[in-house]
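The same chain A turns up in both complexes below, where it pairs with chain B and then with chain C.
What follows is the complex of A and B.
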């Protein structure tokens, strides 16, 4: 048990790596997902189909396969990424595909009349999106998006498989030295739970904040 | 029409529109002059709502021409006498001068009554927050909602919501106001309060094209009634002429059906 406590600073370092990977992925996938999601709803057909194929493809392959493909496979084509870079790229590509669908669903849940009313008062496309569509879509977007963030934090544990010492690998290394698996796995589970439970709580608070919007 | 051509607000010529194989508008010609209140009646599927929605380009049209205040709404001149679809920016500028009120209100549910009216004033007309607020409150007061500035649409009755919808449209000072069956979704006891507002706008000289089934309103307020059927304007005249016309079979049948629904 003393070992477990002494290992806490080491686990803390692993936790920071988990949070760093997650934060980068959440940031990149949010930006790319929103842009591509808006593109798939409002864009012309030549934009629709590439995004559609991207989204279906990346949602359809296991995350681990994607990580290995980028880390071990792409160098064959002269594209080399560090293990950290590969993981952030793989997770971002994967989450982007999900967020495209979340954005699409959120926008399409808004009655068509909203966009028409915004048109009739002369708002241009960007302003219709910003002042009329986005505030209403945000309410539908947030709960599934927080789910995606939680998935990202959990999914980031896979980075340990390409040798990055995140929370998961840190735990395993401490177990390797101490041979006391159960308390350490429980400790690790609690740490993941605390992160994700805070996110879910934040999500519920945000939902309540938007509950006043009713059609 | 005795009015001079300079007062022509809306001019529709040879307008044709199809949804797939279904021809909804089959050659519509229409002139609307400043201050006129033109009521369009006709059975459902006759094309009257589509006509309105073409005028502010919520629907595109391929054949024919629609001019509002002398400007072709859907197209700009391309090279060699061709015409090209207008882009979003040009369309938005044209639409800002064409007001529309919808059957299902289409208020922005995340904004208060005041904010619903202010949005276009701020983001399209470029008014300051203070100016927009003052204008919005003036219009809301005019439609009888001085005590509802801060209400969200979900806190208002249908009649109140529709009056906000009217305030939102007229606050932009449009050259023409399009009203698309604005009382059809209302409980009968709420129809009067909305039509009273429209009647006052008419008195103030607002140019309007009104699609409605309210015959009393058509008779009392309109300067002209159009009867549409099969994508064409079949009958056109003053309320007295149209409503007393007994030799037109389809018009007679339509008026009889409307009459039955209201008794």
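What follows is the complex of A and C.
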């Protein structure tokens, strides 16, 4: 147990890397996911089909396979990312596919009449999206989006497999030196739990907050 | 690009991928069956139980769902035996982990399903004189299964994809086979461009079959 406590500063460094990877992925996937999500709902067929294929492809293969694919595969195309860059890219590509579906679900849950009414009073597409659709879609978007953030933090543990010293690999390295696995795994599980449980509680609170909305 | 694709090595060792996929499916199947047993019993305990049982079940679900599966795999395979003073095979260790993980998902699915069974049906069961157990077996469970089928099929496919994590404790499933070929031939693009479609086709094939089942048993 003493070893576990002494290793805390080292684990803290790992935790920071986990949070950094997660934050970058959440940021990139939010931007790409919202843009592509709007594209899949309102876009013409030549825009719809590529996004649909992208989303189904990335949601259909295991995250681990995707990480290995991008980590080992990209250099062959002359793209030399650092291992950090390639895992952020892999995780972002994966999460973007999920965010697209969350955005699509949120937008499609809004009655068609809202869009038509906005058109009638002469709002342009951008204004309809910004003033009519987005405010209503946000409450449908937030709870599943936070769940996707939790999945991102959980998925970021896989970056340890390509040698990035995140919380997961930091735990493994301390175990490699001390040979006391159980206390460290439990400590690591608690650290992940604290982050993710606060996020999922926020998601549930938001869901309860918006529960009054009825169509 | 000056790189020349060469699939020879992959086809020569395709048995590692083919049998790997079979093992992946077996891992998923066994874990799902155990997970459903865990999920169903805990969902029933939660629905019928008191405050104490409810908080126990909720603690299990929340803990498992908020911790990375990779950490759970390590914890079960390296951590638990180090304390208990025993060892098990990697395959068994992974199946236990994935089953416990699947159990947490299934509790939520079944709990929501049991809550969605119309009260009128159980009342009707009571009215024709069925006992509590009979109502459960003949009224609540069949209705619940029809309600939760769509959520179940998504969980099944997702758990099938999660079997790729078994490769980290050297269970020779599909991802492990792909990594073996990768490290032995450095035919990186080739091996992953064969592996990814294998996951895709199997995953969506499963989904297609399950959706046919859903239509067959859909609640109207």
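Basically, the second predicted complex is superposed on the first by the 207 of 215 C-alpha atoms of A that agree within 3 Å, B and C clash if a C-alpha of one lies under 4 Å from a C-alpha of the other, contacts with A are read in each partner's own complex, and residues count from 1 in each chain.
The rule is simple: a contact is a pair of C-beta atoms (placed from the backbone, for glycine too) under 8 Å apart; a residue touches a chain by one contact, two chains touch by 3 or more.
Keep in mind it's a predicted model, so treat the numbers as computed, not measured.
Looking at the combined model built on chain A, do chain B and chain C fit side by side or clash?
fit
Quick one: is A:188 in contact with chain B, with chain C, with both, or with neither? Answer first, second, both or neither.
So A:188 only meets chain C here.
Tell me which partner A:12 touches in the superposition: chain B (first), chain C (second), both or neither.
Neither: A:12 stays clear of chain B and chain C.
So, A:27: does it touch chain B (first), chain C (second), both, or neither?
neither
May I ask you to decide whether A:114 touches chain B, chain C, both, or neither, giving the answer as first, second, both or neither?
So A:114 only meets chain B here.
After the superposition on A, what does A:62 contact: first (chain B), second (chain C), both or neither?
After superposing on A, A:62 lies in contact with chain C but is clear of chain B.
Decide which partner touches more residues of chain A, taking chain B and chain C as the two options.
Of the two chains, more chain A residues are contacted by C.
Please give the nearest C-alpha separation between chain B and chain C in the three-chain superposition, to the whole Å.
It comes out at 26 Å between the closest C-alpha atoms.
Between chain B and chain C, which residues of chain A are contacted by each of them?
Correct list for chain A: none, the interfaces share no residue.
Tell me, which parts of chain A touch chain B in their complex?
111, 113-114, 116-125, 127, 131-132, 135-136, 212-215
Please name which positions on chain B make contact with chain A in the complex.
Its residues touching chain A are 56, 58, 88-89, 91-93, 95-100, 102, 104, 106-110, 119-120, 123-124, 152, 154, 168-169, 172.
Under the touch definition given earlier, write down the residues of chain C that touch chain A in their complex.
Residues 1, 3, 62-63, 65-72, 74-75, 78-80, 82-83, 161-165, 167-168, 175, 178-179, 182, 188-189, 192, 195-196, 199-200, 203-204 of chain C touch chain A in their complex.
Can you check the complex and tell me which residues of chain A touch chain C?
Counting only chain A, the residues touching chain C are 56-57, 60-66, 68-69, 72-73, 76-78, 150, 153-158, 160-161, 168, 171-172, 175, 180-182, 185-186, 188-189, 192-193, 196-197, 200.
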